[in-house]
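Before anything else, here is the set of structures, which you'll find just below.
In what follows, chain A forms one complex with chain B and a second complex with chain C.
Then we have the complex of A and B:
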């Protein structure tokens, strides 16, 4: 069953632009990215859109559909009324390059600021036998496809450009949490989480979790545990005293 | 193209120039609005009930409302002071449970779920996802007073002690009119309330960290790993328990108030 859907697609670049109206054919089973491709093929051959796998696994086609950060390839047209006008814009937290394509280099910069995995210096291959229970908690975080929807929706940087320097964003705080929970990581990440990556800016309003296409419980399983670990170190004298008395690493 | 001013936030230089601060068309405002109304109503109810200093105890069956527990002054109704009366005459309007209620309030105020709820509904920071917040500047929980949210675990410790007190109160509610064993609808309500309070308290994110979340080698601590898993199951429903316990506290208190005032009589099952 086909129908003609009304679309508003943002066209422009860093110097300016606006929402342009289109009417595009929609067929059963299609997703928004299919419609954008049909738009390119039939009406707007110069429309810029970033995409790759069309399967929700590469994280390339992040955009905002009716104001909500979504993967274009995972947003089914059947979730909209046929009479509804669908608005597609680029991510609104990052600088726009052209049309639906944004410059997400902020995220690569933040990724570089996270200290790499740091195993013990004297650890040789085969010295340590990893248990599944010790890594399964972090495996959830490894599902991240780096679509940066969580970075886009996080109001700390979305609504406050000046916080971009101090705040790493949920994706990279999750990376810090993943490494801090790793049994073999020796780096002291808690002071860095607080001071360099701006963990305190997060007020756990869970938008990152809401938009994650991989359904990672970013807030409950990464950000809050990381906050609690920082509390262990910086705000809880009982834990501090216990660690001094027992002198035992966990 | 719009001529709207472009300055900060989604209108910062370099970002796509879109005049509307949000393009969401759904009823994003409904959830924060309902949260605001429900929290405000609950706070008002709690404030009024805790200050009334009457209709909080049913002497025949040992029902004591959680809003007045523990009652520790000579002003308390006879039989309601389960832990003695170390304090003398209690001033009017000051809640009898003034020693515990602030800790319970702070436990919920610093709770990770409630923080999300009131940051969205009261402080609008942000009111909903991809909807701009109402403030020009934002420092999150990096400065006073919000940096004090990091004290949550201390209020958790207090909440565990208070839950023990509430549990002891429930034991007193298994009493019949003749002083022997008894069971009434009030007993069941008090019991259900305290079970839900434990589910909320033990499902706390700080508890999850304390019992095992702070460990990196789960394989070396199998019991703590098991405990972490159990707390995690409660923690996954923390929001649910946060709301359900607000309701169960009101239901428990209102039922005891109505029985105590003689408006209704307790439905007795045994004795």
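Then we have the complex of A and C:
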């Protein structure tokens, strides 16, 4: 059942680094994170990797496996050929700290810029009444484990460092949509979505949806509806184009 | 950061002065208890720091699945704090700190409703209130939940509340972090005290750079969670290395009830790399049943005497209960966790286990596929992705996994204060609340109730200090840094190997079933591991070096393991999360005893007996006498019945 796999793991820090070759044992049922841990225990005790729950629930062990943004704990070794060399690199969109660990503080800054939940002022704790059907839409977005894979894959920031200032990324645009759809939120979030969080930068290529380990339909259920709400106030060519394309599909 | 700034190993300690910060209160730990404590401290006007070992929002609380227990009465109007209190004491086999259980049951509904004002979105009842589900040991449907990801909802909600407070501070002061700052990926290694023995601060290191940080603060709230990473098969994440337990010991506080460790009955058993990962109790609460290799629902054979009369005797009655709980008794799959875990252990031992050494947990024949996916989305996802098992079509294989430590830092129920002035503890790191066994759903509510109380307790303490604050000697700071750097030595003991050996031995020798000889052997192994730990050598620099981090965590785990083993050897009975094969019965004489561990001057652990705080008369009267007779001694029963009993009911301390 066991075999020796060939791995290339990026080692280095902010000053530079490169791929290092390892040959390492793999057992039945293991995931990439198991292999990284085996490297730590047997060959590279100071190999830096972020992880917590190892069950796909905390979103800590995000990295890129063969160039694709993945959770290391949810990437099973059985999805690769035994002969295949597996390359593990840090998230490309964020600055490297060391080895597979990147500085994701961008995301925490963006989180702080989204206006918090704003309930009606006179509503007392215990008096909140909401129907399941009305909370369901926002609940889908609250499944987010903040692994930031969507932020990593989004080409608006992945290839354009200078867009980071003006663009919150799919995770936090989805947060805006979540609050916008909250049955008891009283804030008008449309102006900020466009002006502060850069909703217009998103051109719905759905890369974020594809990498989401929670299978949240970020584009279809959060970003497009948010764009449609905003477009009531402002013209957005992507929404206009999107509505044409989707109409054709019908 | 340039190379010159990045400390490599021991180099540069003398020249390097630690980064310094001053706060009113430092909360160590950023799970449910820590964040709730920080919110309270900040709202009380304290300048507050929250220290997370991981990134903000990744704490182990995210792993909680089933829900938050609170007697809101949304699903059954008969529920009340008294019923919740009763269930909690039954679950803990009457060893709970009764005042904690009382405060918990009374305040949990307020704490849940408050989460809605922070933005939480729980599943709803038809009339728009918070939906509540059934869970093991709870008489009524009581757990507020969001599918099977309630812990994620809790942590995100509290995280977002912290952000909202920071936004408010920014509007008022221009700085998000003027009153409440989160220090992410920072590990605290020691608590500092002044000459009088009061808390004066803490020392830690940034994981990213390895740079040291010295916090000055008169109050510290420990909210570091549990100790599961000391065991091989565990549902706990890497952070659960008993840091707070060990910090408290070293600071002079006491640990109680350390022999009581909850092995959750249902962890994954296959494939090996995921062994231990939790399978939520909601599977059983929503209708899932346990079967052995003969296809038998074996739990009917394992209803203990103390619970006879509360659980169904036949499959037919058990099945009717889901629809008609008024007229039927509950299925024995929903017994408290310790009972179910021991039953599974016995079935496997007697050769009626599943192919990979567990038993079968089946929901596929009990609910339609779409209902399973709606109610248990993350379980469906987890089994599909990690084990290639479709839980809507086939049973899961499950077995016990180390899940929770009931034992922890001894605290005052009302204020969460420890014996050390300025030191507070809340959540899993605190002991007493759950007695010998915790009910599912009572953890998230515990975090909120006592997190808030710890924040409040710390605020009152700091206000009481006036202008004078305890100071730290520079020598103490330097000594703490030296200790943290000790693993950078010329030695070749591998921290990973040592850790793995400790986990295996604790699992084998102080696990779910204990025997005197094995626990003694464990203590000898720990002696040997302590010696070897002195020779752990770390390679590489200090920037994000997991080998170094583990070497420091090992110190904490070893101290905690010793407390567990010593207490497990001492308690010669079986109760809740402590099962002695050589003493299988529950002994009323032990019901009134807490085992207390403290650190001796020479670095050894001292163990002593201490009475469990008395249950107030009005609380005792919530139980039938016949039920109390199963737990209490004759003397205790006589006192309950006695003429002098009425006067005791005014004593609010419960201690």
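Following the convention adopted for this analysis, the second predicted complex is superposed on the first by the 231 of 250 C-alpha atoms of A that agree within 3 Å, B and C clash if a C-alpha of one lies under 4 Å from a C-alpha of the other, contacts with A are read in each partner's own complex, and residues count from 1 in each chain.
We take it that a contact is a pair of C-beta atoms (placed from the backbone, for glycine too) under 8 Å apart; a residue touches a chain by one contact, two chains touch by 3 or more.
Keep in mind that this is a model prediction, so the values were computed, not measured.
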Exercise for review: Answer with clash or fit: chain B and chain C placed together on chain A by superposition.
Suggested key: fit
**Study point:** First, second, both or neither for A:45, with chain B first and chain C second
**Key:** second
Point to revise | chain B versus chain C as contact partner of A:222, first or second or both or neither | key: neither
Review point. Thinking of the overlay built on chain A, is A:200 touched by chain B (first), by chain C (second), by both, or by neither?
Key: first
Exercise for review: Once the structures are superposed on A, label A:131 by its partner contacts, choosing first (chain B), second (chain C), both or neither.
Suggested key: both
Point to revise | First (chain B), second (chain C), both or neither touched by A:176 | key: neither
Check your understanding: First (chain B), second (chain C), both or neither: which does A:26 touch?
Key -> neither
Review point. Which partner does A:14 contact after superposing on A: first (chain B), second (chain C), both, neither?
Key: both
Review point. Where does A:163 make contact in the superposed view: on chain B (first), on chain C (second), on both, or on neither?
Key: first
Practice item. Please provide the least distance in Å between a C-alpha atom of chain B and a C-alpha atom of chain C in the combined superposition. Key: 10
Review point. What is the shared patch of chain A, the residues that chain B and chain C both contact?
Key: 14, 131, 182
Point to revise | Residue numbers on chain A that touch chain C, as the complex places them | key: 13-15, 27-31, 34, 40-41, 45-60, 74, 76, 97-99, 101, 103-104, 108, 111-112, 115-117, 119, 123, 125-126, 128-132, 135, 138-139, 142-146, 179, 182, 215
Review point. Which chain B residues qualify as touching chain A in the complex?
Key: 1-2, 8-10, 12, 14-18, 22-26, 112, 115-116, 119-120, 125-126, 129-130, 132-133, 137-142, 146-147, 150-153, 205-206, 208-209, 213-219, 221, 225, 235-236
**Study point:** Touching residues on chain A, where the partner in the complex is chain B
**Key:** 10, 12, 14, 16-19, 64, 66-69, 87, 89-90, 92-96, 102, 131, 133-134, 137, 153, 155-156, 158-163, 180-183, 185, 198, 200-207, 210-211, 219-220, 224-225, 227-232, 234-236, 239, 250
Practice item. Within their complex, state which residues of chain C touch chain A. Key: 1, 3, 54-58, 60, 62-63, 109-110, 113-114, 116-119, 121-124, 127-129, 131, 146-147, 149, 152-153, 156, 160-161, 163-164, 166-167, 176, 184, 208, 237-239, 270-274, 277-278, 377-378, 381-382, 385-387, 494-497, 500, 538-541, 543-548
